[in-house]
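Lettered A, B, C, D and E in written order, each chain numbered from 1.
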């Protein structure tokens, strides 16, 4: 359904953030995208939703098709019109709108009745939001904002839902709830593309996964298989305590002495 | 390598027997027209400039100043902005002999000091005591206070207002309005009138409160020392109130286009004012109208053309005299004005006496009413030039 | 060093309208330790940090830092006393470079004012140079050196998080408040930050108050943990105690974490 | 103290490629030699211009310098700290008024007597600056409380109050028509056309010439001070106040105090600009300090480029100079009469269109053009850089020699402040 | 004093209509539209020019249409291409527009004070013993209806929420499928229409008609919008009324206020504005700006 082929993206005149990335999300499938900071995950989502230009970036080559239609040529609203919706990185809720209004914006494209049903569903998922219904988004706690961001995207009734680190800032209990929600959405027929640092969760949710390293796909495969890979275990799953595993990035040769002048 | 002496013009050049300097090159005299071509007084400036042009075109055709010099113009727009006026004045001055038109009270005031040291004779478009106190200024009209008094005296004489009445007054912030107010006070005192005055700003547009205030005190007339918009608003309010109250205004307070507005009919019936330049339906005015129509294919909207024509005629007199004196330098021009003392303009404007600095150059004017039928929208109602011996000294 | 705790919170209460974001919270942090505060979303953890750094005022209760009462102090005054903070939602100056953002951390350590800066006074220049050197050191410590000249807004989310931490470190605090410092980092990166924090406490005499949802990190790093729920403290103890606490498991952890297949 | 060593990793995820170059962060755009060379050239041009240009242009230059000084101050406040102010004409008016009163002589005018203290002009100039600054200080509690457009509006009130005062305080201001500004003089050098002006290379140093040099000197000082501020700890704090005032206070910035101080500083700049403005025009009239000037100022800093010192100067030249230049050269255009237009109309149209054009094509203003040009010059030498090594698949870390990544990153970056409207890093950053 | 009250209220209603024009655009895009005054003048000009030909109501439609089209053109061609620039830049863009439009319109109007041909002319009715021009009464009625309609639209249609969302974070709004172009277009369209409507009343009795100084009058709506709160519809109404009354009372008490210098009336609305803003920095009905970290 979503097919990214040989995509390269640059920002301004810096080095390319994506280099020849190819990736596929089948209809009704669920795909995870892993990768360390700065690997280019967010960039990929920006390319799909065509918001790169807002960040002074552009796709220099390659293509992104959705149901065979080239997305790079459509504008953002039109892409959302094709039911490709994302939960952007960093929540991006409307701070001056109330919780309820935020959800309304999400459901704007669907009819009133439908939106009301979707909203009730979101409140069911996140009772916390219901309690905070009339509070302005800006004043919510970090986790509450994250719930709102997810809930808001659900309101849009997507066919492909892209989530950029949905577990960010959520309490462990909620993380597992969100994972269940995502699975349920997927089961109901919505395709999922999920970016996660919590690889545990991502691989639990997704059938297939790609690993992005410095703008390139460095690894891909079935979730179940990837989970067994040493690299994944080591870098993305919390297996540090494994005696055999080597510690990850290092403090080698680094030191920071105290500041010489007292306060 | 470096630029020549500031100013550039060959000072002290002798052409024939006449000494010339800045503002003349060859046989061309350049006069400055510094006005407001895009701001609030754009239309007035434009018509005044047209009147000036009309006059000098005729003179140039007939051989020019003392049969030798043709007159040309340097026209600039300060858009009614003082800062622009000053910098444009600076730019124009080396190239002009005198300022035929300089629109704006505070604009003229801002350049006055320079004009005095640069010896540039100038014709401002306002008549304040401040300007009239300078040797380099040709005040083109009766000072505002006398103008107001004159209109009031006429109204008294005609019985439109009676001694002992209450009259309202609306006057504009600034020295024009204040002078008009001063005149009204003097006339009121002299004639036992009670004056109810309010000051307004150029940006005010609704005179309801002020008029109501006056009406509640049983005013029998309302005087206006302000801009035409305010006059119109006063008329509208009076008309809505079904009042039958006379109106009197200073010479900058009306414009014939007011006739087309709500309250226009009321104005035509109730409004009196003075004009310094002849109306276009009579005497010399008719001639000007004809010449104007020939050139522009239609009647002007106001009699500002006549004003331009009149001041050009006065400037002509001065330049001729300077030429006679053999000194057509800016200094010579100022000197010629002093020599002449009194200037006439062939009946377009009253005779102007510039011998007593700080005083009004004239004490007579035409009293007019607005009239849809008349060219320029004005008809003269006084019997020729009108004056009153009651006017303050 | 006296036995007096570095930070002591007594009976703090904060209300927003009807909501009690903090309700009778008391705990203390001993010098040189890592003390964590955990709890469900909206439990009041960030609010607590906001109280400590002076952004919110308590309606009741008090906060003492090194024996000094903070309750009425403005944030910038508190920072001067030696409290540094990294924010949960990035609060960086997106258009300024990483270096400039880190130099902002030196704000409370530097003195030059409008006049001396404007006139380029030698004292101001010297101060600038000295602090810049130190900041570069800190940046290198957090692997930010390659980004020093980039506007922060152009960095990826994870890198911006690191800038946050680095800026807090640049404040040379004696108490470091970290609000979910590793959110948005992968396991490897988390471990890196964790070891870095460990190193800091031992080498710099730093005390850390950590708010974090990553249980692995919290449990492995903390000397002591306070748990909040609906603004109320529901538990306080060592990691071992907390992990076993049924109230905590019910309110927060859900199942016991242990690599559960979510 | 502690040299910690932890076992070396097999690979380094999330680490920058080794040997990445650190771009000099505080350097402006352009190659290293560009700046000094340009500075030298500019200085030379400024010095010799009075030997060639007519007085009118020199006076225009002085007027531009006056507005540029004000614009630099406004830019610190509005461009850098995000505090929109329309009150600049008020503080300018106050500076100008103070100068005129302090340096002027008592006199009789047709409207009544005016007061004057006969101070030496240089002292009066300082007095004007100080008084404007004090007024700024008085208003700063209000300004620190308000944000964005609301501050803009509140400050607009000052303009109207200022006009009212200038109009009514006749004994000081001379009333509606204003009063003449005493000529400047310093160290015995009189600007008011001394009997025998000094002659340099055959050119008499009259009022215009001297004013030109005065303007240049003051402007350079004003620019230098502002630039120093911007690149110092104070400047950084101001920028953060713009983005996130709460964060700024937690980082240790006394936000209210800084907002107050920067308002004060900008009113000092405005006061200085006001004194120069009075000198440039030769008199003060209330009308000169109206809302039109507020809008001109905004146009100056936006067209020049928000937050940029050089931009403020370029903007001032553009906004002040353009209409004058147009009026001078437009008479050559004969088609105007046919359209019923005057050159003044045309000048206005072009001025409006120019504002629009600059914003359409370069929303970050003239400063943005400069940055582009300079970085183009800088970039040329190391063009080769960014080639992509394709198909480098494999396990992370399995490609330790990722050369292409190393080669890059010598370009770009280091262009602070030119991502217009780019969303900040957090949801909480709203634009004012 | 009821007379002053009524004068003030009726004047205020007209300001409210203009202020609402500012507010709508601001709500949708956070742009302070300095060209709004030009839209008003343009609407008035077209109405004045066509009323003899089309009859008053036809001319009103033409005027409204002209102002609306003008607003649309400005939005489409000038504002939209730089939508992502800082809001100050956008405000300056509208200044550029204002310079051009005003130059042309003032040139066309010339010295005239142009009548718009309101059929009610200078008619007045007596209310509580004071004469109120019909023009003002119609203005009050229209203002109340228009503003009431707006409140309903904002409350019951998703459009108001969408507009605010778009103003706050354009990228995210777009990611949720909002059509930013249309939202902004509709807002400007409405502002244009409001400008056309306000033009009729601003130029009717007891003011003389369309004159170049109209631009300055429009400016009074600025404190009105801010006193009410830039993002509040009812605020526009209340702000307008307050400014209207302030003006009326300042004139009525002119002599009592003389110690402040003559002509303080013009300054009064701004003084009231400062006082309101110092007490409530977001205006009377504006939403409070609070933030957290």
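Note that contacts are C-beta pairs under 8 Å (C-beta built on N, C-alpha and C of every residue); 3 or more make two chains touch, one makes a residue touch a chain.
Values in this document were obtained by computation on a predicted structure and should not be read as measured data.
J.: Can you give the shortest number of steps from subunit B to subunit C, where adjacent chains in the path must touch?
T.: 2
J.: If I average the CA coordinates per chain, which chain comes out farthest from subunit E?
T.: C
J.: How many angstrom lie between the centres of subunit A and subunit D, each centre taken as the mean Cα position?
T.: 42
J.: Nearest whole angstrom, what separates the Cα centre of subunit B from the Cα centre of subunit E?
T.: 36
J.: Please tell me the distance, in whole Å, between the geometric centres of subunit D and subunit E computed from their C-alpha atoms.
T.: Those two chain centres are 32 Å apart.
J.: By the touch rule stated above, which residues of subunit D touch at least two different other chains?
T.: 1-2, 4, 6, 13-15, 167, 244, 246-247, 250, 345, 348, 409, 413, 415, 419, 422-423, 425-428, 430
J.: Could you tell me which residues belong to subunit B and also touch two or more other chains?
T.: Correct list: 38, 173.
J.: Pull out every residue in subunit A that's touching 2 or more other chains.
T.: Those would be 12, 14, 36-38, 54-55, 90-93, 95-96, 138-139, 145, 235, 247-251, 254-255, 257-258.
J.: Spell out the residues on subunit E that touch subunit A in their complex, using ranges where they run on.
T.: 84, 158, 161-162, 164-165, 168-181, 287, 290-292
J.: Quick check: in the complex, which residue numbers of subunit D touch subunit C?
T.: 1-2, 4, 6, 13-17, 20-26, 224-226, 228-229, 232-237, 239-240, 243-244, 246-255, 261-262, 265, 409, 413-419, 422-429
J.: In the complex of these two chains, what residues of subunit E are touching subunit B?
T.: Interface residues on the subunit E side: 3-4, 7, 11, 103, 106-107, 110-115, 118, 121-124, 130-131, 133, 202, 204-209, 211-214, 216-217, 219, 248, 251-252, 254, 262-263, 265-266.
J.: Please give the residue numbers of subunit A that touch subunit C in the complex, ascending.
T.: Residue positions touching the partner: 11-12, 14, 34-39, 42, 55, 89-91, 128, 132, 139-147, 165, 168-176, 179, 197, 199-201, 204, 234-240, 247-251, 254-259, 261, 263.
J.: Residue numbers of subunit C touching subunit E in their complex, please.
T.: 46, 50, 55, 87-89, 91
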